[in-house]
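Structures for review follow.
Next come two complexes, and both contain chain A; in the first it sits with chain B, in the second with chain C.
Here is the complex of A and B:
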């Protein structure tokens, strides 16, 4: 023990260091092959939405000589009723659908968490009012409401679409977040924080939110699927005027242009539906990993 | 039991307030629509040579309020007409009253939705019991996977796929209208047969889309009952497994009845896709075509009816919940 020991500066030996979020995520994802598949699907569609539309001209070419052509090298998924390549339509249409759905999820989570936490934390008349509004939102059938709103709200841009989906869809989450907040606020560490005289905003953002974040993150992913269904449904029904192509518009055009009546349109009909189901599938598979990444109690040693 | 009546009254009052709120919403919605459809209609009538006074009366019949009056007067008029079940007159179905159109549309939705839900309820309950009781066998895993998969398919895609696969790819079922146009409508055997044959796919679409939910809810309900003492007691008494499953199912099914009522209400809102795809002239179809054709009175009316269905279903479910389960009544 003669040699001079370096002053201990708080560096923790590597084996005791808390793993970074990346390490935790990587471990959680690679633990099960299904999660890897889920992540790959989501990444694939995200890249498609970001870079895919750059590969094609703004106006996709039509070709009257090749209506409902079978799959070929030029058109791997065949062509539609105008001779446009289905693959090109799927790729260019992914950007609007996925960005609007992602925004819808962000808005839903934002409104729902805010309403739920405020209502569950402050209780009293605030809670009463917020819960009345929540009941109201939950009772009114959401999809018919969206149809009716389409008369006064232009859903053209992804942000407008995401905002309206968020505004109509936060009810369920608000209730769930409220009940979680209710049980948290009776726990010892929150009582301690209040006893220390910490501000309400500190307790909400530093003590309560981190504890419900796993739940919120999972709902963020789940809301993406809800957003996709709602917007594709609206475009399918044709109640929104559309400027650009997307999967819902594809289904609408297929339905209204008689693709339902010919077996040759199989790939054209099925492709957008398959994409929607694939995205859902990817999200469901990934959710499983999310739970483990964000919930400290599920993490192993 | 004595608390039941005041509670019911409170719920009904709450429901009425909600219906009024939705009616106010549709009223203000019409006033917020860009281009003011009421004034546009008035101008259109006057250009067509109708006397201003008469044009006003016609618009009043359509929307339920007199234009060019203070907003609160219009509002009171609108609500007053609603209380007399007068929802105005349709624009696309020239001059037919909205109430009449909706009453005609109602059976299409009610019959298909309820038969779809009943079919899915029966199969879902059976599947849920099988999954929960045979938890450690292969059949349980298979059924769970199957039910989860069906639960995950959105109704729009399901209905489109059913319509496309079974009418075009394999032409098994007829497509495009709710009955054979060659058969004269009436209470005759061939007509009813044709109705039923055409209804197979839409009803299947409702049934498949709600089956998974029933199976999974029933599964967890049965599992929670399995731990109860009276099940253990019946096992110790040496009752046959068949009778025991009957005991289990009977108490596990209770909470599902409330969900059943709720889902009938919500299916009214979900009827939009299936009615559009299978061309059923029900409430959802009315809502869609009215919105597409800018027929605002009909749109407001069908939205109101769909919402009322949900609100009523909520109240019935709440009432049923207390009436059906003796443990809550105490």
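Here is the complex of A and C:
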């Protein structure tokens, strides 16, 4: 006579508990020193953009007695053409530059992912219409379009700048996301979900999006660097709402004033360049950590 | 190493050292065939057409005037002796008729003679382009192959009539004549009618339209295949980034031109010019936006010599009085008190200008020439004074809440200073103003427009409230005040009548909107537009000074513009291969810098030679 066994109602033993996202992230980041450096750089600039401008008055002081002054304790990165501290400009200017770039990335990812997934999943006339719009976006040369747009739009706020960069930059991502969606929609688990009668929105948000999230996350970070290059490029070209602490404006004025030929003002030109380089460096170092965090197949045991 | 190879190596080393020493000790020399390298603004893809907005022809190089005028403040009819296509000229009929005799040696670079037919054709072209109407030219007659007579429009009394004709560049009829219809002079005659006969007015309007169409469809678009020049050089090679000018062997003073080839590089950006100057690669170059440190750095290049010549141009901040609240004089005065012109100059244009001392609309040199000590003392220098500014603003209902000023309408008092991309001195000045005004509690920002063409168009359309403006443009006092109380204030001379267009009229060009009459301390009611126009007439020096004193007082008291700095022509010449620059001849330097590059003008007057 066999003894009836009680149904197993217990929890998964602790040793088999799925690690939390924080644990996975921490493990992924600390696995390689380069990733730690990348995260530290990104955190540093993020904190600078959030809190840095609070350390300075809204209107940075000018000082005609200290034009292009060399580095000193008072001005560790020297001063600019009007005697304003370059460090203060870098810090206060970071908020616009980084927030516009982050918003540009969010808009790019938002538009691109939505268009790509909807197009790839529904196919038919929806796909035709979205892809023709995408082709149109792709055929427009982005940077010249931005220059033209800047003549009618002031780009005074980072939201406006981010939105425009996002609106002009989502085409490539939409195409790539559509390809991935097309591939996924033929897989068995999507067929099964359809067979179970799950709604399209459930399938897209719960089945498809999680599977392409590593790719989207990678593109989000890369879009931030793309956003920085595009907006700083616009400011550097002089098609700008003038803000003397914008990194692109700093580069523009440094170049056109010949800062590169006078050693004492070299830091005025080098500082914004170094910041752009550092942000890009930080993002590149962090990319593979994000890939590992979001893609279970890449996690090392 | 065996002995032979050791000896060979030692001999080789000795030879190399000796050669190197010889090279190091050699002084640079040049001959007439050594190209003179300089910079110029090249319109990429533009034709060799003086009238094209994108044209590539250069005054003093391949364009030659009848005479080279001097930039003298009190004598508008001053010319250099010996330069230009005219060998002599004479005025008669009370200054209303000018007779010019061409130099018998004048020839085009294709060997043909420059004749009175070329001059008459050139004047017709200036009518088509809309220039000749500006200097009241009524008729042109060839009295002989080298003799031409010009007559002013009957009833006009323009004191720069002769000067305006003599300083025009003469174009070859063989190249430009094809754009003119055979009946061009009857069209011109009809177009300049300014009487009251309705039929003739209608004909004049139609003729003006014909000239305008001709200008747009034929003259502007003309693209000559070769450059035919009466100047010291002609273009032998035109590419987007470099123009090669070759000496015109038929030039009337060819023996003075000691350089066979001028290589003109496109001055596409300040930084490129700085790089060339630092490398000693160009023998003359100038650029805006040079800091003192940069000037010192560039001066270290062997052979580089810095020059700094006062120019008859000013930088001004102008207000559109149609826009609230700039119609209130107290607001404009308050802003004048808040801007530290010394700081602005020091930061924005420390090498290419001098700070402006008098806020009277003139360059300081003109103020010194025209005003007596008591008149100068009566001018308000608007020394920075925040208390005075606050008092003025409060007097017209402005209030300060916290750190921010509010207009009488309860709005935040905010200023948007319009500026142009690439104009670094203006941008830097705008940045300083932004700082000074924000510190006082006026929310100020600077908007930079992508191109000067766009800026100019919007400015003319009255779209900007606060903007930069170039003042004076030459030593002639009429020009100085015409820049203020002329076209931009709605005044234009039509024939013998002065017409006024209010700012309310769309596309009327009046964007300053200064009141037509104002009461001025010590002078009563003054009409600046009318007074300015009077300056263009034949006046005595005393009469001119009386009018200028009134206009200076109006401008100082009512502040339609704030003069920020007087410009200077600053640049470098390199003396490694070429010498005898006219750096000590201030009059020639300031006059020929208007022709760019100035090397052709310098040589024409006997300066600059290869270093033998």
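Everything that follows uses one rule, which is that the second predicted complex is superposed on the first by the 281 of 301 C-alpha atoms of A that agree within 3 Å, B and C clash if a C-alpha of one lies under 4 Å from a C-alpha of the other, contacts with A are read in each partner's own complex, and residues count from 1 in each chain.
Note that a residue touches a chain if its C-beta (ideal position, glycine included) is under 8 Å from a C-beta of that chain, and two chains touch if they have at least 3 such contacts.
Since the structure is predicted, the reported quantities are computational estimates derived from the model, not experimental observations.
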Clash-or-fit label for the pair chain B, chain C on chain A: clash
Touched partner set for A:142, first chain B, second chain C, both or neither: first
First (chain B), second (chain C), both or neither touched by A:284: first
Contacts of A:151 with chain B and chain C, given as first, second, both or neither: both
Which superposed partner A:273 touches (first chain B, second chain C, both, neither): first
Partner chain in contact with A:251 - chain B first, chain C second, else both or neither: first
First (chain B), second (chain C), both or neither touched by A:261: both
Touching partner for A:61 - first (chain B), second (chain C), both, neither: second
First (chain B), second (chain C), both or neither touched by A:188: neither
Which of chain B and chain C A:197 touches, first, second, both or neither: neither
Segment of chain B intruding into chain C (one of 9-17, 171-179 or 225-233): 171-179
Overlap of chain C and chain B interfaces on chain A (superposed complexes): 147, 150-151, 237-239, 255, 260-262
Chain A-touching residues of chain B, taken from the complex the two chains share: 18, 21-22, 26, 29, 32-34, 152-154, 156-157, 160-161, 163-164, 167-169, 175, 266, 268-270, 272-273, 276-277, 284, 287-288, 291-292, 294, 296, 299-300, 303, 306-307, 310-311, 314
Chain A partner contacts - residues on chain C that touch it in the complex: 269-271, 274-275, 278, 289-294, 296-298, 343, 346-347, 419, 421-422, 424, 427-428, 430-432, 434-435, 438-439, 445-450, 454
Footprint of chain B on chain A - complex, ascending: 136, 139-145, 147-148, 150-152, 229, 232-233, 236-239, 251, 255, 260-263, 266, 269-270, 273, 276-277, 280-281, 284
Interface residues, chain A side, partner chain C - complex: 58-62, 64, 67-68, 81-83, 147, 150-151, 154, 156, 237-242, 244, 253, 255-258, 260-262, 264-265
